[in-house]
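Below, each structure is written out as structure tokens.
After this come two complexes, each holding chain A, first together with chain B and then together with chain C.
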Partner chain A sequence: MADDDLPREYDAIVLGTGLTECVIAAALARIGFRVLHLDRNDYYSSEWAVFNFDGMQRWIKQEQTRALEKEAPFSSELYQELLEDGEVLIPLPQHGTGTSNVVEKVFMKEAPADIVEVEDKTSKLSLASEAAPNITSQETTESSEIDSQNVDNLLQDSDKRFEESVVSETVSQGDHSTQSQGKDQPLTESEEQSENAKIGQEKNEENSVDVAESTGKVEEQQKSDKTEPNYDNVEFVVQESDHKAQGAGVKVAEKEPKKPDKVREWTLSELKKEWRRFNLDLAPKMLYSRGSLVELLISSDIAKYCEFKTVTRILTHLNGKVEQVPCSRADVFGSKAVTMVEKRMLMKFLTFCMEYEKHAEDYQEYQEKPYTEFLKSKKLSATVQHYICQAIAMSTDKTNTIEGLRRTKRFLQSIGRYGNTPFLWPLYGSGELPQCFCRMCAVFGGTYILRRTARALIMGKDNKCVGIIDTEGLRMKCNWVIMEGGLASEALLPENSRNRKSSRGIYITDKSLCTDDQDQITLMHLPPANGQTDPITVMELSPATYACPKGLHVVHLTCQGCNSAEEDLKPAEDLLFKPVEQVEPEPTDTRPRVLWSLHLNQMDNTGCDLNEKTPENVVLVAGPGASLDFEHSILEARQVFEKICPGEEFLPKAPNPEDIIFDDGQEAANGDSGFEADVNDEGADQEEGHSQDTDSEVDAGVAEEGSEWS
Partner chain B sequence: MAAAEKKEHLYKILVIGELGTGKTSIIKRYVHQFFSQHYRATIGVDFALKVINWDSDTLIRLQLWDIAGQERFGNMTRVYYKEAVGCFIVFDVTRASTFDAVQKWKNDLDSKVQLPDGSSIPCVLLANKCDQAKEGLVNNAGQMDEYCKDKAFAGWFETSAKENINIDEAARFLVTKILANEEHMQTNEDGPKDSITITSSSSSMPGEKKSCC
Partner chain C sequence: MHGRLKVKTTAEQQEAKRKEREKKMKLYNAATSKIFQKRQGQEYDQEALELTAQILSANSDFYTLWNYRKEIFLAFKDKSTEDELHKHFEDELSFLEACLKGNPKSYGCWEHRCFVMLTMPRPDWDRELMLCNKYLEYDERNFHCWDYRRFVVKRAQVTPEAEFEFTTSKISSNFSNYSSWHYRSKLLPLIHPDPKHPGGVKDDVLIKEFELAQNAFFTDPNDQSAWFYHRWLLGRADKQLAIDCVYVSRELRRVMVRLSKPAKIGADLSLQVYLDGVQCIGEWTTPAGTNDHSLLWLFNLTAPLDGNEHKVLVAMEGSSRSCTLKDGDEKASNVDEVKPGTLFSYQLSAATSDTLTQELDACQQLYELEPDNKWVLLTIMLLMRAIDPLKYLKETLEHIDTIIKVDPCRTNYYKDLSK
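Here is the complex of A and B:
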């Protein structure tokens, strides 16, 4: 199309749009690098992507196709005339993928054959489509086509009580050098990334947090900390969500947790009608309120592109029950789950943890011993020990004391900045965040092309990469190539890089894990199961995050991969959900029922040095990995940036467009000089009282000051 | 407390269309009253800001979002579309192929952003470079009207960034549509309007804010 105008020379070519690649691309463009950013997919965010239900169906098909197709052998003759003397090509796998064992299952009736009965049972649940006809009438027409296609594909026999459709069980860890190169099965649309944008506008935003804005609030809070006694700032930490339904009169069944039979019975076709209202993440992650990603979003002002909600509660599984862990001062104070004595214990211990380094004598002898032993020695009750070890430190019996203390402190430090838990969740899913960095890169001149990647690296003399041949057969010169590790060929990857993987499960459920409230965003950890060393992460997203329509929840399970995701996560599923095999579950079983699930394994190369074998100007970066947070990605991005441009500032704040004064006197005199932006310090925006300087002061202050626990 | 608060609106408007149709030129002309044959794209800003004194008690700030490098092949990130309330689709009257692509842009737009009530955002078609010889459908005003009705464009204008023809008029027309939508929306909505207002401390994002002085 516009290839003729496409420049053929860049400072950096970035392959893959995972978070790390996007942060690096933005940082390079920000300081003036000419950046070309390619992604072979028709959606942004690579293995970090987020899809609506329809997009997820396409992704599943795509992965299935990629896993099965064999790559045609690479023939370098095709590109000979593009090469200069002495240059050779390193082919890149076109079907290589870090994803494997993709299995989709559906546990719903296909269509509301017995719709009368369903409606009868749920007469209190007016469907969203009835409540807001002007919104859904349009969607219904669009999704009906999808229904008929996909229902056929997924369900052969709609009479069975539970339908299971194994879409792909293929392990795609095969030999990449022999995989085919043919054109990827093109996905028909790339809309899933964006079409849900509108949904947010019609919904409630009441506990959505704007990072940059909230720094102001934090400052206020710090003031109040000084003038008032402890744990009194309840109005800041409590995130009571006044549930404002999108349509009038929508009541969700969880209002009556005692009567599980009131939970709406969904069918697949009903669920598919709501396909736009899903945002299902492949690699969901949460942000520590004082973590490096939040700081980066603020310091670079990329925060203006994203919205967050605070994670509202930390749950734990204790004595066969799911219960809430008090972790802010207000929570501890108000908790009914612990006694007065335990409250004091917890208060005292958590306060100690905030400055444990100063009290080395208290834990010295336990330093290398398990954290659990240290907790025991502190005469904490069993419940309190459980809270601290499993929920707060997110650790296990094997975690040593020094590590346990470090994790406890990290958790506590982030409490109170935006809410009563340490975490933020990005609206529309964490797969939204890479796109925010892409926009920044593009605004600073980066060029983005999806559905295109590199076919081969061109190697010049001295083992230096001089450019790429792209999948359209164009030669593009560059000084640096940065690429997603999953896209690299065996020749470039270190041996151990494919050893580790993460196991993930995505579940659409009919109610919350702990149903005393709705609009919750939940984090929970379960002890490691067979063979694993790290806890299993459980995230539960309510419709308030736009992860799913009203009346449903989305649960994400993540752990280290030992076997397939299905096997690894089975114990956790058994604990959390109603047994799927059972047609008529125990009436006393109040656990959620899984309506739909997806299992997958992702290669986890966050733990190894990916660049042992790469040419010096080719940098491989890791995928999302199993960790809960974004710390690894941001650290890695900084390191790569520092390697490429030592000493340069990493993502400085972009000038505020409203402060830019166009100097047309000069421009008129010299028409060729371009439209350089002048940042006027005393700019027109002064009346609003937020010059950039004040902002960074606030930020710095926030970074220094501790949490409400300090 | 000031007695009469001036109402201030902040609107995000997208300017999309094929390569080289004059999107940046139109924005430059509208916001900076300037035209150049040769220039580089503006680097480092999301949008250009145009402040309009709409009437004695309304001030309107228009954020005009030019497409940056990522949209070369029509792959827009969600952040670009987010919270837009109006759109210009630009084609070049000297190249019929850019008109053919208009439909693709309109579809992309409608699929990715909608008003809170689910309807599509008002979109105005700009037939740019009208100072030059025209090619194709644009020569027939009646058919263009028909086309716009058919494809749900709010209207169309022949514009020239070079000769400053019709650009103010087109913007005024679009703003009128946006204001009408807003009135309609307000009567439909009972709760507070916080669902659209997103403000960050350092740069305003679209939404509505009250003037503070």
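Here is the complex of A and C:
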């Protein structure tokens, strides 16, 4: 579809593909709005995005360029002929970004043979990124070679591996390469999207040519390599066979504890070879199993587009050690860290929290006092107090009792629905979720264009926005504009909107924070450090989430930002990781070593009313913010939807294709293609075990266990 | 609004559904009557398999059809090669799996699976074990599957140790699981038999099990499953079967015995009666005239008892007791001397009395946290009675009062306990 065919009139234009924008876009399209959804980037999910290692490198470069580039002055004369009488333009910033202080560091040797000292790459970064294009294509060659060899070696290995081999094909076919790596359900839908988004795709196609060429080379290289397998591959296969042994041990009766991990020494070049196996989130978040996002995914049936794993454990830092917090009934039963009596006291207190509102007399006098005091008054042991306050209520010494109880209850309510912790983690990263909503929007006729955004809003006579001028200089009419707050100009934003920020750190580490015999997905909270009031969130993702290759872990630290992310997170890093400056750490130090890190600050506008100054039909929505969950985003999306179309149902389940009545040709064609794709997907997306799925599975009692606390 | 999807209304949908159902009903009935016809005509063919498969996949509880399929397979058995047969049975196993997916608690399916596994030429028991693991992961309390698992385990020759580990893993994921606890109680005496008490379990192993049960009931004292297991652990040193009392009545020409615990003569033991050294022939009956487990048993002598002195000896394996009816006496008895109040303490062996005291301490601790929990109270009473009924008499009585208040539905049971 060329630009000429692109309709110029919409009910709503959505700018930015963060979660909130995508949910709103889907909800509007679902009830028949004509939606145009633009994103200035060549990837989905805006500040919520997830990247592989290569994509992350490109993003770092892009952000650093954007921070330096100067905004070209806006001249409205260019667009005069597009305007009608009385219309004026509000220009939108093109380079502004909600992200700042992006710092990448590498703590690995470049290549296996190198004897180069551990170096801080920060200073060299701009140099390295200049050289990037060349490096990238080379890397692509190398890594696809590795992949295909591994696939050969592991033909009999699990489905997962099979999927990945499929995926490498996908990538070489050149679908938006930053998005579709490592996914198993890519394509019916994104084909449709890419039709709409062709313009945005040009660059990707160029890339894909590179990849395709290099695949050709790969085969030759492979032949020559066959006689002399290189050392890296051998080692990788060893790890795999280890995994295989575990897989065969499905007979639980024979479960053997995994041998203590021999920590592999990684180099940067080895890591880069595995670039596709990373899924690094800019704004990782977890879902409460009974939270509003899970309910929405189920009620709208969008759950069929995504997959989840349950977060497997909650850790805490206690007496200088990282240990597991017993929070479900099964955990408490199995815990060796607490005595029998403590178990009873803990369970008793948690049961009380489930219906604390009914026992106001129990906490009344503590309501405004710190939660910790209330816990003390309940004669709970110090250990149990720590578990409840820090790990379960995720609060601090200052949190008051009523808030502490509310948080404890929220945590407990979600336990037992899908697993032993209250949380779900989206496979391939939480940056996948906005795309699931885009998909629903596209099924209902939404148009997607990447690498394009609005240059300016067109304001009509009565201070209403009548449309936009896009970055290609086209005039698009619309009734509503919904946009990511970070994209708005100062003129539209309230004064306090840039006051808050969140500090984030992403770390690739060589082992888990607390090693045991399973692949864990971990959540942990640390008490606030200098100047902060809220705890620091720690998430650790094992390779089982596809966040990283085997043998590595990804840790995300998030806290509210007081200074730069680097400064804010330093105390937590010191606590969790081996000191980076020490080349030969203490042998008794069992903490993971950081191999690579990225720090960044994101603007956090979740706390303010963004729409004080906006025209009535322009809505700004917040970015991800520092919170652990998605609650704010879903609530905001609902509110915006209610404002735009009061009384309409928010994302009802897509109707059964059989129940749709087609009465005019055009609509039939439209709906038809959408729903065909829909139906075909359903079979492929059936997930076992942990994924929360459609009703039928819930009915069978397979996926859902029901809350044990209620 | 423009572009909005038009969807059939509920009434239209219902009507469509009703029609659909009607159509299905017709097909179902037609297939069923066809199947019955074929069965009558003893037609054991592929078509019959297909027809029954259609019905069974919709309704796997249709026993008759499973039976028909058995007949078909038995007929196949006579006329197919081993490989053909194996193929048929393999297909049947996958079909069963599909049925079980829809109805994991269908008696018919599991039963038919046993039949297939026993009848097929080369059964793969290990695969069946995996299947059980899978189903117990979906629902760890599916007793149908537990049942089938035991059937498989026997044939797959899984060691009791491995099965014990399996129960441990199931219990740690959810300890409200009678099947697992019960399985444990059956496995423990096999893995760690106590040389001193046949059917018993070694003390050191028991202590670990006590700890596990404690962990469960401290975590959730209202969950019965762990308490029942705890009770099994406590009651394991059940006293040996013996003859506690022999009574002879001259007028009634009758011998009565009281056993140390309820038992069923003929099944649990055999008792012989010797009158003056000569074995008597006759029937044992309970006072109620039933043939059931009982403490008391009656035996009618066929020979008349004259006025002279007679010696009656009642013997069982490993124990006997005699009683002499003196010249002129109407009746005589020989009773085991029992210290008053210790009657019930025999239920638990002296060897574990340290353990009992520890268990009592633990329960007392729990009692302080949960003064109104009936399971705590009940267990405390049982333990006190086992250790020293007299010493704890006062406390036991108080607990009885409390427990009757907490759990009035079982008032009489608790009153009986206090006697």
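Just so we're on the same page, the second predicted complex is superposed on the first by the 510 of 710 C-alpha atoms of A that agree within 3 Å, B and C clash if a C-alpha of one lies under 4 Å from a C-alpha of the other, contacts with A are read in each partner's own complex, and residues count from 1 in each chain.
The rule we apply is simple: contacts are C-beta pairs under 8 Å (C-beta built on N, C-alpha and C of every residue); 3 or more make two chains touch, one makes a residue touch a chain.
All figures in this text were calculated on a predicted structure; none of them were measured in a lab.
A.B. asks: For A:462, using the defined touch cut-off, is the partner it touches chain B, chain C, both, or neither? Pick first, second, both or neither.
C.D. replies: After superposing on A, A:462 lies clear of both chain B and chain C.
A.B. asks: Mind working out whether A:445 is in touch with chain B, chain C, both or neither, as first, second, both or neither?
C.D. replies: both
A.B. asks: Quick one: classify A:340 as touching chain B (first), chain C (second), both or neither.
C.D. replies: Only chain C is touched by A:340; chain B is not.
A.B. asks: For A:42 in the superposed arrangement: first (chain B), second (chain C), both or neither?
C.D. replies: In the superposition, A:42 contacts chain B only.
A.B. asks: Does chain A have more residues touched by chain B or by chain C?
C.D. replies: Of chain B and chain C, more residues of chain A lie in contact with B.
A.B. asks: A:77 in the overlay: touching chain B, chain C, both, or neither? Say first, second, both or neither.
C.D. replies: It touches nothing on chain B or chain C.
A.B. asks: Touch test for A:655: chain B only (first), chain C only (second), both, or neither?
C.D. replies: Once the two structures are laid over each other on A, A:655 reaches both partners.
A.B. asks: Please indicate which partner A:432 is in contact with in the superposed arrangement: first for chain B, second for chain C, both, or neither.
C.D. replies: In the superposition, A:432 touches chain B alone.
A.B. asks: Mind sorting out which residues of chain A both chain B and chain C touch, each in its own complex?
C.D. replies: Residues 444-445, 655, 660, 662, 667, 671 of chain A touch both chain B and chain C.
A.B. asks: Quick one: in the complex, what on chain C touches chain A?
C.D. replies: So the residues of chain C in touch with chain A come to 1-8, 13, 129-130, 133, 138-139, 158, 162-163, 165-166, 169-170, 172-175, 214-216, 218-221, 362, 365-366, 369-370.
A.B. asks: So in the complex, the part of chain A that touches chain B is made up of which residues?
C.D. replies: Contact set of chain A toward chain B: 1-2, 5-6, 37, 42, 44, 132, 134-136, 138, 190-191, 193-195, 197-198, 200-206, 210-213, 215-216, 244, 301, 303-307, 428, 432, 435-436, 438-439, 441-451, 653-658, 660, 662, 664, 667-668, 671-672, 674-675, 677, 687-688, 690, 692, 695, 698.
A.B. asks: In their shared complex, at which residues does chain B touch chain A?
C.D. replies: Residue list for chain B touching chain A: 19-20, 28, 31-34, 36-49, 63, 68-73, 75-83, 108, 111-119, 191, 194-196, 198-205, 212-213.
A.B. asks: Considering only the defined contacts, which chain A positions touch chain C in the complex?
C.D. replies: Residue list for chain A touching chain C: 31-34, 250-255, 329-330, 332-334, 340-341, 343-345, 347-348, 444-445, 655, 659-663, 667, 671, 701-702.
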